[in-house]
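Shared between the two complexes below is subunit A, which has subunit B as its partner in the first and subunit C in the second.
This part shows the complex of A and B:
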């Protein structure tokens, strides 16, 4: 820490040319010994916590995925090579359905929930009477936890007493569908419940994005004779590029994080297998198979790194060059 | 987008209302929005409707009727028998320290990486932001084992390790949320003029005084927005308590509702009342602090 602290310079001294050498010149004296200690603590304490609670466990997940362990005695950890990965790919029945469900979840959010949120934002961004009330209604589910959303939709979806079966006229008849229990439909029912929340979130972000678009762009397009639809897709939507990137990343990450709602319903079994739920199934309960759970976690990690790296390179790329 | 722009955005509905009186007709849009809004309200509305009816009424008349009594008995019963008072208190015990710690640590880190220029500030900021974007399940196995193998005296924790304690939940929540808050706060602090601390430097103010007396007070709007957002995030967190807390009566409310499903089996009225009780604090915060909440969300995701 001390060697880096020596290079501390105030932000206004930031210049691309020879920053280090100048930093070692006169500017350094602005930071007293006490300041350096204070700064080291300011950086050191949060960094230590972040390393110990996030980055170290992440690396340990990778390490444990190449071992065989029941989670009891540290001395029992045995190297296993790639056996865990072979097992999940070949002999673990829920793995491929889970991958498919994660993909389906992503596609559903990307093709239905996100465009719906965008549509709501575009409609509400016009001069519509009652726009704020609509916004509050569509946004309300974003305040709820996904676990609670599972419970609330359970009440709506039940076989005998659920509102949906009543509205469909099937309640109490043999045709009644247990929307969360029937493995042929439950993934769709859950994705609709997830859409209920995701669309409101997307709407909110796009409303902020639309407000940020320079109105003169729209006027110029209108003068050039562009229709409202053309103006939106050719001018407004591309102008919201920063928000679009955030939305893409949020949509991907949400689909990888899908856990709470399926775990509340049936712990992610019987048609609702998701990678995140499989990780936990292998960690809790009697037969703790830490190696298998970790291998699943690593698969989830590797997939997650794609949107994370994309987002970080977009966000910090410019600053790094500067 | 800066807070100022967010504020501008929030101020704009006023202009929307004014120009709404212009004779501009969007019948199709109105019908679509009305239908969507109605659909949006159905799940929550159905829960409230079910919760207000005693189970005797629904047994007699069926769930799809308006006959029978409407009262708050289910709420009272859920509160007393379901242990909701305990669960709420548990949520408070986790949420309050976790939010305060997160904001404090994130503000330290954000100050160091945004107001002082040094070699690794961008690297560290990337590290913090990336950590927050990971699916929590990726970290579950090692964190669980770390907590389990971290021996502490039985006088400190009745499990003999860090499992089943609030400290581990608070620590992990803090570590996980810190990345996001650091990112948002550092953007906010970067936007503050460099002259502010420059003047203080000339006056001989040390780093701590610059942080404590100049930057922190100026960040109040960002703290309000982030604080609101984090209260909701951590109150709504289902996963970490599920992983670490084993005794049912120590669970915070969001995780505990999972158990209520078994406990209130076949009494959907009671389950609905439990669900509605759980929603109330978030809705109250939303209604009171909507501006902060919305500002927090857009702040966190507007830098592309």
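This part shows the complex of A and C:
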């Protein structure tokens, strides 16, 4: 009974509950002064850091998005109402392509890269020979930064000296495709490069997930006459629900923060517009327009809140119901 | 490529030593990427209130010198200048070289943090803007000694919005068409004096299987050169200046006709422009794949083979409708003194030194792709190409600074780059939208 009751309590409230329950047994143990100091330091310092580094800047970004400011003197800040938002929605040509590209990136990762990672994980989970070697190979790109991946893939994609044009037999001819320079194809070329990394990441997570699935579930399914495909989709995959949620969130986050790879290629212009690159373009450097940049950052924040809220409500909402 | 954070301003508050920033930047690079847009601004806000404490402020035994000239040749050239200064005065110069894109991108936070005493920069709107914001030290006293070394046009280009002097010009370089003499002699091409002649020549080149005009716009800014020239040749120099300062609107026939005129040239420009950098395009010119290339004379830095370099010739942009070829685009590079450096006597001495033929000769000895600005510099070592370039500048009635130096940087970087890239792609441009964006951005300053 008491363990069920404990389950009902949200996880963050459990620990303080413990002394109270012990109190019933007659042993009153309060937190000593030292405990209180240690606890408040351990809770307080991260909270302060979180406040100073995340919440405060975020709120100020939101505030600045309703102003015009040249970034130099505080006295120069002037209120602008929603002018910055109107500007990005109506007059700023790269904005809507950037939103589309972020969506496309999300769809591509969700429909191609993530399933590819899952497939790799399932294949490598079969105890085939050299499984470890394959795992290392597929995982290697994950250890590289996306910026580096942009540079590596440039070697494949170059118009005149690139491997891809060489294999296609078009290198040095006018038909050679400039995979990163041609705005009709470059977003796809970049997404393939990003997939190369993302699939390895997803593979690793699913490998861990697959190892964690109780083998008796599979046996039971087999005894019930389920085929391998049915076993996987009806039994194993649902059993990996916690991993699936993590992967969904990771995929969404990856697509929102897609930045470095397009930035090293051409600073996010010419067909590679991304919200994050636009934020940088408008906030950092000579082209600094703080109001517009902040408005873009807020748009990105609001979009990011969707998966965050989804994730949190899944995690804590479920525990509360259990 | 490094990502520079606005948050650097914050770090520099704690970091009194102006010379230590490479490591600081590395740290911030690692820490900061995640916090980029959101975290950056308020730091900046928190930091702009007071001016940065300076650790090395008025040390007159030497100075710090921030250089954005990070390419090998100009880097060694500035090294030669600082060495000559040290040899002459016995004062030590600590040079901090920063990759030039980074240097330009972080200039706002650099100037508000703890900048070096003297630093490399440009004439034009970009200099005047920071002078107007009080981030630079006026150097009228320096100009009293070096003023005689400069023409009136250069003096005007070095003046801030308040009428005080801020800038010491080192060199400038003309923009124009570069070509290989041997190729042109072989095919019998003639230098075109008019736009129609240019189109006729380009048609001929195309028939010969050559891409007539080399072109690269992956970085976004090189296409502004074509825009500026067509604009100045169609509407005159003053219109260029007024358009850049947004005293003229973008949604008028004059601007539309610039793009219409350019459209006639687009089929002759390298169709691979959007995927290549100017260095790539320079190689194409070297390989005789392209017939000519419109760029600044810094293009010659790419021609490391002396035989090729000797084969390069220059002609100014042909005339179109008005003012003939009176205006030349010749951006001036030189030095500025930061507000903090204004207290340093050695830094002022260094500024005056830069304004002498002696210093500019020391520079030009290493980097001869540019034209020294001071009178009395050594022209005996001029190559024929240098001479053509110098004559072009000397004969020009108007010297423009290039769109991204004459206009608001946000207008150049955020508006013109995407607009020109999409124009190159499909030959269409929305001038009403350009005007709408310009209105918003200039209002924010």
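The rule is simple: the second predicted complex is superposed on the first by the 285 of 322 C-alpha atoms of A that agree within 3 Å, B and C clash if a C-alpha of one lies under 4 Å from a C-alpha of the other, contacts with A are read in each partner's own complex, and residues count from 1 in each chain.
The working rule: a residue touches a chain if its C-beta (ideal position, glycine included) is under 8 Å from a C-beta of that chain, and two chains touch if they have at least 3 such contacts.
The structure presented is a predicted model; accordingly, all values stated were derived computationally and were not measured.
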**Study point:** Per-residue contact with subunit A, leading partner among subunit C and subunit B
**Key:** B
Exercise for review: Determine, under the contact definition given at the top, whether A:159 touches first (subunit B), second (subunit C), both, or neither.
Suggested key: second
Review point. Of the partners subunit B and subunit C, which touch A:68 in the superposed model: first, second, both, neither?
Key: second
Exercise for review: With the two complexes superposed on chain A, say which partner A:181 touches: subunit B (first), subunit C (second), both, or neither.
Suggested key: second
Practice item. Look at A:140 in the shared chain and tell me whether it touches subunit B only, subunit C only, both, or neither; answer first, second, both or neither. Key: first
Exercise for review: Return first, second, both or neither, reflecting whether A:270 touches subunit B, subunit C, both chains, or no partner chain.
Suggested key: second
Practice item. Classify the contacts of A:168 with the two partner chains as first (subunit B alone), second (subunit C alone), both, or neither. Key: neither
Practice item. Could you look at A:94 and tell me whether it touches subunit B, subunit C, both or neither (first, second, both, neither)? Key: second
Check your understanding: Should A:290 be classified as contacting the first partner (subunit B), the second (subunit C), both, or neither?
Key -> both
Check your understanding: Can you pull the subunit A residues that subunit B and subunit C both touch?
Key -> 53-54, 56-58, 60-61, 64, 71, 74, 147, 260, 263-264, 276, 279-280, 283, 290, 293-294, 297, 300-301
Point to revise | Parts of subunit B lying in touch with subunit A, wherever the complex brings them together | key: 1, 5-6, 8-9, 12-13, 16-17, 19-20, 22, 24, 26, 29-30, 32-33, 36-37, 40-44, 46-47, 50, 58, 63-64, 105-106, 108-109, 111-120, 122, 124-131, 133-146, 148-149, 171-172, 174-176, 178-179, 182, 190, 194, 197-198, 201, 206-208, 211, 232, 235-239, 242-243, 254-255, 257-258, 261, 268, 271-272, 274-275, 278-279, 282-283, 285-286, 290, 293-294, 297-298, 301-304
Review point. Which positions of subunit C touch subunit A when the two form their complex?
Key: 1, 3-6, 33, 35-45, 48-49, 104-108, 112, 126, 133, 135, 218-220, 272, 274-276, 409-410, 412-414, 417-419, 421-422, 425, 430, 433, 436-437, 440-441, 443-445
Study note, to complete from the structure: Residue positions on subunit A within touch of subunit B in the complex are 4-5, 7-14, 19-20, 30-32, 34-35, 38-39, 41-43, 45-47, 49-50, 52-58, 60-61, 64, 71, 74, 120, 123-124, 126-129, 131-134, 136-141, 143-148, 151-156, 158, 161, 163, 166, 171, 193, 196, 200-201, 204-205, 207-209, 211-212, 241-246, 249-250, 253, 256-257, 259-260, 263-264, 275-276, 279-280, 283, 290, 293-294, 297-298, 300-301, 304, 307-308, 311-312, 314-316, 319-320
Review point. If you look only at subunit A, which of its residues touch subunit C in the complex?
Key: 53-54, 56-58, 60-61, 64, 68-74, 80, 83, 87, 90-94, 147, 159, 178, 180-183, 260, 263-264, 266-267, 269-270, 276, 279-294, 296-297, 300-301
